[in-house]
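Below, chain A partners chain B and then partners chain C, in two separate complexes.
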Partner chain A sequence: MKKTLISAALAVSVVGMVGCGEPEKVGIDPKIYTDSLFAVMKADRTNYTKLVVARLGPGGSNVVKPDEHWEEYENGTLLPAQMFRAGAEAVAELTDDFTYSLQSIWPINKQNAPKTPVEKAGLEYIAANPGDNYYGEETLGDTTYFTAVYPDVAVSEACTSCHNEHKDSPKDDFALGEVMGGVVIRVPLN
Partner chain B sequence: MSIVKSVLAITLASNLLLLVGCGEGAEKAEAVQQLALGEELYKKNCKVCHAQGLNGAPIVGNKKMWGPRAEQGLETLVEHATNGFGLMPAKGGKTELADSDISAVVKYMLSQIQ
Partner chain C sequence: MTLLIGGYFLYVMLAAEDKSELLIGEASHGHFQIELACSSCHTDAFGGGEVLQNACVNCHGEELKTARDSHPKKKFTDPRNANLLEVLDARYCVSCHTEHQKEQTHPMGLTIAGDYCFHCHIDIGKDRPSHKDLAFDSCASAGCHNFHDNRALFEDFLVANAGGHWLGAVAELVTANHAGKNAPAVVPGPRVDATAQVARHPQIQQQWSLSGHAQAGVDCAGCHSDDDGDWLEKPALAQCQSCHGQEAQGFLAGKHGMRLAAGLPALQPKMSALPFKQDALTAEHGCTGCHAAHEFDTRVAAVEACLSCHDDSHSRAFPQSPHGQLTQRALQGEISWGQAVTCATCHMPRIVHDKPEAAVDVASLGAAAERAVISVEHNQNAMLRPNEKMIRPVCMSCHSLEFSIDALADENLINNNFKGKPQKHIPSIDWAIKRAQ
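Moving on to the complex of A and B:
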């Protein structure tokens, strides 16, 4: 009886120690994490479009000039897509915990074309399935990443006319409401 | 009242009930058909922004976003969608859509918050 009690006590202690040594992994689901990041990104982009470009640009009080070559004008300001890229560059200086970029399979600037098979698959998927997102995993070097791709849509005539008329654009028939590219968010998993 | 009259009255009443029933059934079928059309049009033309909330588009099924909009009523929402509102261009840029198509889509979107 005494031996049985000692064995039981030991077993309970061992189970307890295993429980303490390897705490259960907890953390936010990568999809929820990237969806949340995208929610902030699109809210900021919408607000910049609505509260700065539309309100202060030619369609509003006309005190600023939103233009691709904004630096050439004293009152020039970035186009919404350029402001978005500026945010991505600033984040890249702050952290490696996640990256994001605006890419397209029809980029005006070739450096914005997809570079990995998952990026390419994601951009093709969101173009073929308007309104849907793409989620995948990829290993680059010795790190595995969760990669999410969200649609970037032509939401105004300014988007379509700029891309369709740009000399470096590989596509000249974008229509309003069409997917022009995607926002790629990448998060390391290990 | 003769038996014949009673039978006639009952038959008439039954037929009337059947007719009313048919009318309601037809209305329901029409409503279901309208929602199906609205869903189809939504997927083809509107989902790309309204599934994502791009440029402030209210996300379909999101009660928090749709609540205050729904309070404005169907007529106002259809008018906004038809002529453009905020950052949304008229008919979302799909000018080929008929006004009745826009109405069907708005009805579908509203049905998703119930």
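Moving on to the complex of A and C:
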């Protein structure tokens, strides 16, 4: 009830403001918003991969064990993709203003293959056009989203060797600097 | 008339003690004990789905976290799953576990058809040829997968623990030490002078002198003092939990103590639909229901107490079962008590703090046994369903993973309390090894 009253009051205020000729408020451009989010994500993802997994894992000083089932080991730590997903899940518990996920057209876990037409088009575009991003709009359920797809590039030997050798990987010839998948960021527009 | 009827039900909802007229149907086997403690789940009379969801998480959230829940809510909140949520809204517990529909409730409290995995994993046959022709409803019912708890069933674990003889040496389990390590040095609160009671009850003092309490220096006043320092005739949960907090927490979370947790009178076996012994139907289930006062002999609580109430085929078969025979030999002093396999060994197992899936035998723990904090899980449901929860902390102390999986999937073997070998084989380890090669 309280929520309904607040919503009604806000609606009346908005109508009143528009009626008074107030300029419509313009928020940040979704593209700038998602580009900025991606910059943070990419920096953190690269740092975790290079500074933790590669440096402290089996390829470095071998004091931590990056593993899909990291909870099984006292020195276990999340694989870079799991770390990224853990961040996305933690963000989802904090806000509904955006969501993000890591996907690929060559996924090890098939649940991370593209599902929506925009995801498919975006992931194929960034793979075919290295360095470019993809932007689109899509309606999922009853919500329309601005959807941005950014390339996820192999930044370390740890990325390529793990994916090339994994029994569930559909591709075994990833090279450093190649696009391995994409980061999909969604912002609800309505 | 409408106002009168509406007013009556409003009174029942908000003020009356007996709310049975509001029950829209019998609760499931998991919740029937507290079905009249409406506010246990309906924490707000005007709440909707989120209120119920919070109530589920409030009681079961920690357990799911410990189980490394394979399908937590956070996996389903991404908008890319919107189309899947239209089929099965896995963000909410009640989508699969609807209450007050006892007649439609299946094992695990499920109220939906058994093919729920199929909706999202329809393409599994493409990636796993071995799964191609499996029945749609067999994923979580054949001993291969669980929706929430797969700690003993995931592929890498199957491969790492493949092989081995079905029965190893009988393990020597460590002794629980949680209360000893964590009990307060001095029992809190004022202490009664129990001199007169000690003089009057020499037999009780004799029983106490052989107990763990005597060894730990917890005397009569330690339990029989009330908040004002007066004599307390019948100490109850509140007194026990001042030292045994961990055990009390488990007890209150399980079937034995959930009524007390909900503010209701203690459980009596007659309230349950399970088979119980006639002379135990009205026995009240508090701490001393199993741990007979003054002696507090955990050997009695681990078998005799269970069998004094439970009268199902699994329980009745226990004394003659291989596990029961080990217990008998331990009671006769032929083997150590650590090698006994009692009811509690499997259903209220000793667990290592922070490592609930770790085996608790001396050999597996190795040097860690010295510093490990071990307590007895008093939530009997924590290891019961799905029964694969027992595999790592219990079965694998003595048995191979393959035997454990097969045995727990064989209902006849469970009913006769594991007297014999499994008559069915779950191929999950075979398939996992084949894929790993």
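Quick notes
Convention: the second predicted complex is superposed on the first by the 156 of 190 C-alpha atoms of A that agree within 3 Å, B and C clash if a C-alpha of one lies under 4 Å from a C-alpha of the other, contacts with A are read in each partner's own complex, and residues count from 1 in each chain.
Criterion: a contact is a pair of C-beta atoms (placed from the backbone, for glycine too) under 8 Å apart; a residue touches a chain by one contact, two chains touch by 3 or more.
None of these values were measured; they are calculated from a predicted model.
When the two complexes are overlaid on their common chain A, residue A:Asp132 makes contact with chain B while staying clear of chain C. In the superposition on chain A, contact of A:Pro151 is made with chain B only, not with chain C. Of the two partner chains placed around the shared chain by superposition, chain C is the only one that A:Asp168 touches, whereas chain B remains out of contact. In the superposed model, A:Thr116 lies in contact with chain C only, and not with chain B.
Considering their complex, residues 43, 45-56, 86-87, 89, 92-94 of chain B touch chain A.
Note for the complex: chain C touches chain A at residues 68, 74-75, 77-80, 82-83, 85-86, 120, 123, 127, 154, 156-157, 435-436.
Those residues of chain A that touch chain B in the shared complex are 39, 42, 46, 49-50, 54, 130-132, 150-151, 153-157, 175-179. By the touch criterion stated above, chain A contacts chain C in their complex at residues 68-69, 71-72, 88-89, 92-93, 99, 101, 110-111, 115-116, 119, 140-141, 143, 145, 167-168, 184, 186, 188.
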